[in-house]
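Before we start, here is the structure in question, set down as structure tokens.
Letters A, B, C and D mark the chains as written, and numbering starts fresh at 1 in each.
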Amino acid sequence: ARDDADGTGAAGDGTLRIAVPSYPSSWDQDFVGFDPIALMLYKNVFPYLIDYGVTTVDGAEISDTENIIPTFAESFEPDAENRVWTLRLREGVTFASGNELTAHDVKWSKDRAFAAQANVAGIYRLIGLTEPDQVRVIDDYTVEFHQAFPSALTREIQAISLYVFDSQEAQEHATDDDPWASDWIAGNPPSGGYFRVESATQGQEVLLSRNPDYPGPDPAQIDQIRLTVVPAASNQRLQLQNGDIDVALGMSQRDVADLRELDGVAVISAPSNEQVAIQMSVETAPFDDVNVRKALAYAVPYEQIIANVYGGDARPVQSLVPLDMPGYDERGYPYTYDLDAARAALDEAGLDSVQAELVFETDNETQQQLAVLVQSEAAKVGIELELTPLDPGTLAERRNQKNIPLQITSGQMWVNDVEYLLATSLTEGAALNYSNYRNSEIEQIYEESHTVVDEAERNQLWLRVQELLAEDVPWAIICQPNFNLPVRDHVTGWVQPVDGLARLQHLSSSS
Amino acid sequence: MAELSAAPRPAAPDGPVVRVLAAQRARRFSTGLIVTGGTLLGIMVVLAVAAPLFTPWGPNEIDPDASLAPPGGAHLLGTDINGMDIWSRVLHAARLDLGIAVGAVAVAVVAGSALGLVAGYLGGRLDDALMRLLDIFQAFPTFIMALVVAALLGGGAFNLVLVIALVNAPAYARLVRAEARSVRELPFVAAAVTSGAPTWAVLWRHVLPNCLTPVRVIAPLNCGWAMLTLAGLSFLGLGVPVPTAEWGAMISLGAGDVVAGRWWTSVPPGLFLLVSVLGFSLLGEGLQERAGVRA
Amino acid sequence: MRLLRFVARRLLQLVPVLFGVVIVTFLLVRVLPGDPIRSILGPAATEADVAAAQARYGLDQPLWRQFLDYLQGLATGDLGTSIQSGGSVGAELAVRIGPTLELVILSLAVALLLATTLGIWSARRAHRLGDHSIRVVALAGNSLPDFWLGLVLILVGYSMLGWFPPPAGRIEPGTGLTTITGAELVDATLTGNGEAFLSALRYLILPVATLSIVITAPLLRSVRASALEVLHSPAYTAAAAHGLPDRLLRRGYLVRAALVRLPPLAALVFGFGIGSTVLVEFVFSWQGFGQWALRGLLFRDYPVVQASVLVIAACYVLVFLIADVVQAMLDPRVRVDG
Amino acid sequence: MLAVEDLSVLIHRPGRQVAALSGVSFTVAPGEVVGLVGESGGGKSMVARAVVGLLPDGAAASGRVDFDGADVLRMDPAALRAHRGRGAALCFQQPSAALSPTRTAGRQLIDRLVTHQEMSARAARGAAQELFAAVGIRNPARRLDAYPHELSGGMAQRVMISLATGCAPGLLIADEPTTGLDVTLAKEILRQFRTAADIEHRGVLLISHDLASVAQVCDRVVVLYAGTVVESGPAGQVLHDPAHPYTRALLASVPDLAGGPVVATAGGMPLLQAPPAACPFAPRCDHADEQCTASRPELAEQGPGWRAACFHPQHGPVRERPATNDSTLAEPVRTRPPAGSATPREAPPVVLDVADAHVVYRSRFGGGGHHALRGISLRVHAGETVGVVGESGCGKSTLAKLMLGLVRPSRGRVTVGGDDLAGLRGRRLRELRARAQLVFQDPVGSLSPRRTVADAVAEPLRAQGVPARQRAERVAEAIDRTGLDSTILPRRPHELSGGQAQRVGIARALVASPELVVFDEPTSALDVTVQAQILRLIGEVTGDRSRGSVFISHDLATVRGFCDRVVVLYLGQVVEEGPVAEVFSNPRHPYTRALLSSVPSLGAGFAGPKVVLTKDLEESDADLVGGGCPLAPRCPFALDPCRTQPQELVPYGQSRAACWRVPELPELLKETRV
């Protein structure tokens, strides 16, 4: 350990040391993978044109989904119909290369996203953006987004999608084989958002520094952030304990519980919209029978899971709609731990016992613990579960084949809206709809909701959706664990992001 | 023979000059190794076989009130994060670990020896082809190979036996092939052939029994290695499926607890693993000393 | 120059082996369950997205075409593009392999040094207390799971005693080390950066200790057995019976003769070490080759897995070659020309 | 200089003891060559080791080994180190194993010179070169840098001798320096020791189990039996007119070139657990009485400097020696009437026909190979015994394997009982194999280590599908025939003595009544007295008229004992062939004559004019090019045509030889004799 093991040294040189479990796989947001650490980093080092504001709920600061503010942009406003959105850029904003950020960069970046046919292109579909033509350059500082239909989601969706590349620089590295300069972009950090990438050592660490050219509100509070890769949670813990790191991103739930007791260490806690659920494949036997699904829903030991797996640090939920999402209603999931009811439901299905596979992520300790508890309880009513941890590659393939009877899922909606939830998780063909759930009425409500912008009206629709879900039980929704972040106690300014991807600009060190 | 640098023990002027017998001590030590190794393994086997007798908990039985309970009370060695009894799991894991290791090595020995025997004795094209194939297989470090094959076949005890057998078999094939090649030059093989014995009989009756000495010595060492491989695979999540009681998986699950002062979740499986592997190593070392075979 | 010819011929013999390795890895990777494209595209991808991505990585081609493309790439030194990161596999590999080799080679060197000195010491005092204790201790070290040993060393060496740097990274940030090979010690030596050298060394101690503890036993056993054999051989007896002094006996008649069988074993142990780094690197947050390869494997990043396995295999066979050469130099009986 | 007094060595092994030496006393003076002889296990090497203070672990030695007044057994390490090498230097039993494999021969010698003669490294190199030359190493400068594995057996022995003399010892001890060497070479090596004693005035203790070879160079001989000295005295006395029955038995066991009968002595040397209380030879001795089994005889003076430990010393010649010194030797005494040469009423069937057979051992990666046999033709009739002789490596074993189909001829044909071996495969080949059997050189090694004797002997029967019951009967029969007890049946090879194992091997060869039995040096690994027993047995076996036999040996005297015809091989070719008596008494080919000349003999030995070959076999190998006579590089009579023209077997009298100069030879020999 260093001499400053008392934990005060960090702020001295204005550097915050953060441990992350893995190195970002790539610097390219368009063409490559789904990697939480990389996604988190992108939020901080890409120039996003608009971003969430901050609001305080129950004393904790969280990102404000109602208030989306322009950052690198000057404004982002719709027309009266909510269909054409105009993005105005600030003048004189430059990339690290010295090139000015103009409408052409926005256009090139969006064209690139459409060309990649991956991440952004996927979500843009929700707000009716599918073709490059729909993004039009009006002048050097004005871009219009022509949506196919008006949408209530536009602001939130654009808040996570409106990042730009330094197109001039990128194009210098484009080749005939590689018109979008993927090779170069994958290997070279972007121009800078709240932070710039000072240096990046493959696999080991990324050094961020405050971006002096950041033009908008809420600039980074800390001068430097050193992200060090420490895959083993126990190592993160030791280093936090010894004051060699200030923030540990990637510790397990059980460590958090002990860390609260330690001197010099604080655990920042914030309610989160992360949902933990067991998705049941409604098309594969035996879960094609709603009674079997109900039986499982009754057999899950919700409270025990919250107590044992999350150390009490999770919120029970009564709906598939997350707690803090507008439209949440308690009628959405009327199931509690009740073995008799579970047996009764199974009887109703005409079955004595059923067997099924419960799939979860291979290196996810929390899911594993949860699976073990569910397995043990379910066995008591005759549901024999075989636990199958799958590595990411196999899991992706199996999900694509849509033949996983039961799987534990955990995740957070990037957009805090039920329409988005339906779009991503509960309508036919939705990407996260591992249950293959389909209810024609819900499909209909979903279609309708695209163009409904009025809040009360929308809530009405969502209530109906939750009633339908309560009958169909496509998921056993387990809980919403709180977000916990172990830090040295001088670290402050944490803002809980709505999408779970840390915005580091808010962090500061108090000593 | 003589330990040259050492002087004979001083003797009375007329009495005999005596040299201390190193061979005797060597033999005693090797016996000691074999007995100690055997005893350690014997204890493991007894504990494994009689596991249910020693503990009131099932290996996967959850005590909902006692997650990460410290040793003592209802749980002799405490519980893990799932609330499962460590003592019970450690004992039950012995079955699986010993079983997989011994099973895998047995499969590797049988398959590898058969290949090596035939190739080494018959020689020629078959031998060349096999050797080239082995060259390719052995160009992969074993653990890397095990990783890939485990990822390929997926977890589960049976698959793990196959994985470990597969990565070990080439070594046996080589070992036995080399022996067979030298044994086939020995006069008694020629004698058997001139007696008119068919090839299989020569192989089975004369060549094979004389090729197995190094195999017998290496196999126990290999069992120990197999257990470590298994543990390593489990540590990386490529071993047996949870919550099956297996030492490597238990260590992996409990590794994070040590730094929090909860030694009981990973130290007992670690110790059991250590003792078992050590048992195999001691046994192997002892046998090696006896047989005078070099590694 | 017989030795050169020997090396050349052995290198030539490696070609079919490596070609076999290329085929085996190519096929093995492709029969792995799991879909690399799905795992990178994220859940929101449509079939069209998948098809597009597959086309981008050439995975829509028939297998033989993919293989030919791969071969062609190999021939031009192009190891492909990582599906996970979109970057060049060759470039990623370059920064990963150095540190890992440094770690393994250093550990092997320490283990060899230990094994040789202790092994010969042990053999000369065969069957006495010292000998027996060394052997048992080495065996116990060999019986420890490496990842477990690593954890314990971290707990003691870093957390409790505070003697060693935190298990994160391979060098203190801010030593201003210029990366050349990726292997910190080597780079520090090349650039004459003393501070970086010391720092890298401090970071290396625990992982090297972990690895060497688990690999010393087989080497030690071999050296001891060989030395014992030499001590009991008529050749050594003859030299001793002709009254040669102890030092001459040890240097001229014991050490070299006792080491002749070590090189192939050392090569084998090197392979074991390479395998172990997957675990050791994880425990020490070392971020070398093993972690990279494992990640590639878990995400079915075909080019990464292919390249990493191929490179490991190439290193491994090369080390065997070196071992053969060293053995040929140590042991005149090894036939260099036949 | 060296005085061993009442030396006893008791070796403690786990669970047993070995009395390796019991009360051994003798002396060696400077300039004297003392022979230490006796059978294997007699304790010869133990004496040598005691002299240099190198007793094995667990050995308890009592008595004294006085060397220049100091007791070697009680020296401290420093004194011992000074004594070793400088005082007494040992030449080890197997020189190629006793040279450190990872150090050049020259370095090893220089190490000794630097240590014991305090030379500088540079001076030592020069001296080493001289020493190499002195022991007869050609091209010494080059050999200095050779590693031991690059040396042939003879060369290694020479190097070993140079190492020992390089220590400048007062006493030179040579442990079986000629074992495993060809006769031609052995003679040369022994001369080196005589030289060391005569010129350098060292004491030499020459250890050997072969009395004949020792006879020629020793001044005095000490005979060891079961760790005791049974007789010692001047060489001439002990070797020609010994007093102790054991010495006499030993001498009688050695086959004589002159064809003197081999007299076998039953039994074997006991392995003593404790120093013997009685005469250890008593159980095997014809003259033993109660006194012999009750107490141990002391060494008693028999003549000047001649002592024997026997209550009933014997005198007179050991066996009848052919009286003449003529080149026409008497017909050897045979165990049976000569076959083939007797009445040729009807030609007995041919059991083996080898016609112009070549064998090439391919090297592993193509490209040439070793041409082990080059055009051998050989025919064996039923009831006939053909001897094959030749130096080591000339292809004798290859010929044996060829006859049994264990190697395939690359050219030519081998037929056994009329069936061509080459044309057969699988079952038929196996059946044919069972009709020809081989008795191996290494008796224990030819028995499968993990199979019982019964199993081993039954193997050919099993292969023939003989039912188990019958098998057991026939095995018992065969075992009985070879003079073994049926208690041996459940034993395993390692529990057998060499003699027993060879009997088992013969039983196995006979059990399936083969038409042809090939003996490949069946006695060369055995002790002299056991060898005599086995030769006797073989003599009986070959007497069977229904069977043909081939007897392969490097020892010409053995072949003379009971073969009808003899074939002399040289480098894979037949150089001479003919009836035994003819070839031995009137060798035509220079090579045959050279072989006969160098055979050490206690008796008269080869009486005709002698031929000495000019080089060692290994050295000549490289010179052999083109299609000329293979012997040309070594032959003292070689002319240019010899080097270029291939030689065919040409009949000369009753025998045939492959040398065009045969007619001139008698003249040439006369010249060399002068």
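One rule holds in what follows: contacts are C-beta pairs under 8 Å (C-beta built on N, C-alpha and C of every residue); 3 or more make two chains touch, one makes a residue touch a chain.
Note that the structure is a prediction, hence the values are computed from the model and not measured.
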| item | value |
| --- | --- |
| Comparison of A-C and B-D (more C-beta pairs in contact) | A-C |
| Averaged-CA centre spacing for the pair subunit D and subunit A, given as whole angstrom | 89 |
| Between subunit D and subunit B, distance of the C-alpha-averaged centres to the nearest whole Å | 47 |
| Centre-to-centre distance between subunit C and subunit A (centres being mean Cα positions), rounded to whole Å | 39 |
| Separation of subunit B from subunit C, taking each centre as the mean of its C-alpha atoms, in whole Å | 22 |
| Residues of subunit D touching at least two other chains | 54 |
| Two or more partner chains touched - positions in subunit A | 232, 234, 238, 241, 362, 391 |
| Junction residues of subunit B, two or more chains touched | 1-5, 22, 151, 255, 258-259 |
| Those chain pairs that satisfy the touch definition | A-B, A-C, B-C, B-D, C-D |
| Complex contact set, residues of subunit C against subunit B | 16-18, 20-21, 24, 28-29, 31-33, 124, 126-128, 132, 135-136, 139-140, 142-148, 151-152, 155, 159, 217-218, 221-222, 225-226, 229, 231-232, 236-237, 240, 246, 249, 261, 265, 271-272, 274-276, 278-279, 282, 293-294, 297-298, 305, 309, 312-313, 316-317 |
| Subunit B - residues contacting subunit C, complex | 1-5, 22, 25-26, 29, 132-133, 135-137, 139-144, 146-149, 151-152, 154, 224, 228, 231-232, 235-236, 248, 251, 255, 258-259, 266, 270, 273-274, 277-278, 281-282, 285, 288, 294-295 |
| Parts of subunit B lying in touch with subunit D, wherever the complex brings them together | 1-8, 11, 13-24, 27, 186-188, 190-198, 201, 205-206, 209-210 |
| Residue ranges of subunit A in contact with subunit B within the complex | 232-234, 237-238, 241, 252, 254-255, 258, 301, 304, 308, 362-363, 365, 368-369, 371-373, 375-376, 386-389, 391 |
| Parts of subunit C lying in touch with subunit A, wherever the complex brings them together | 32-36, 38-46, 48-49, 52-53, 56, 81-88, 91-92, 95-96, 151, 154-155, 158-159, 162, 165-170, 173, 179, 282-285, 287-288, 291-292, 295, 298-300 |
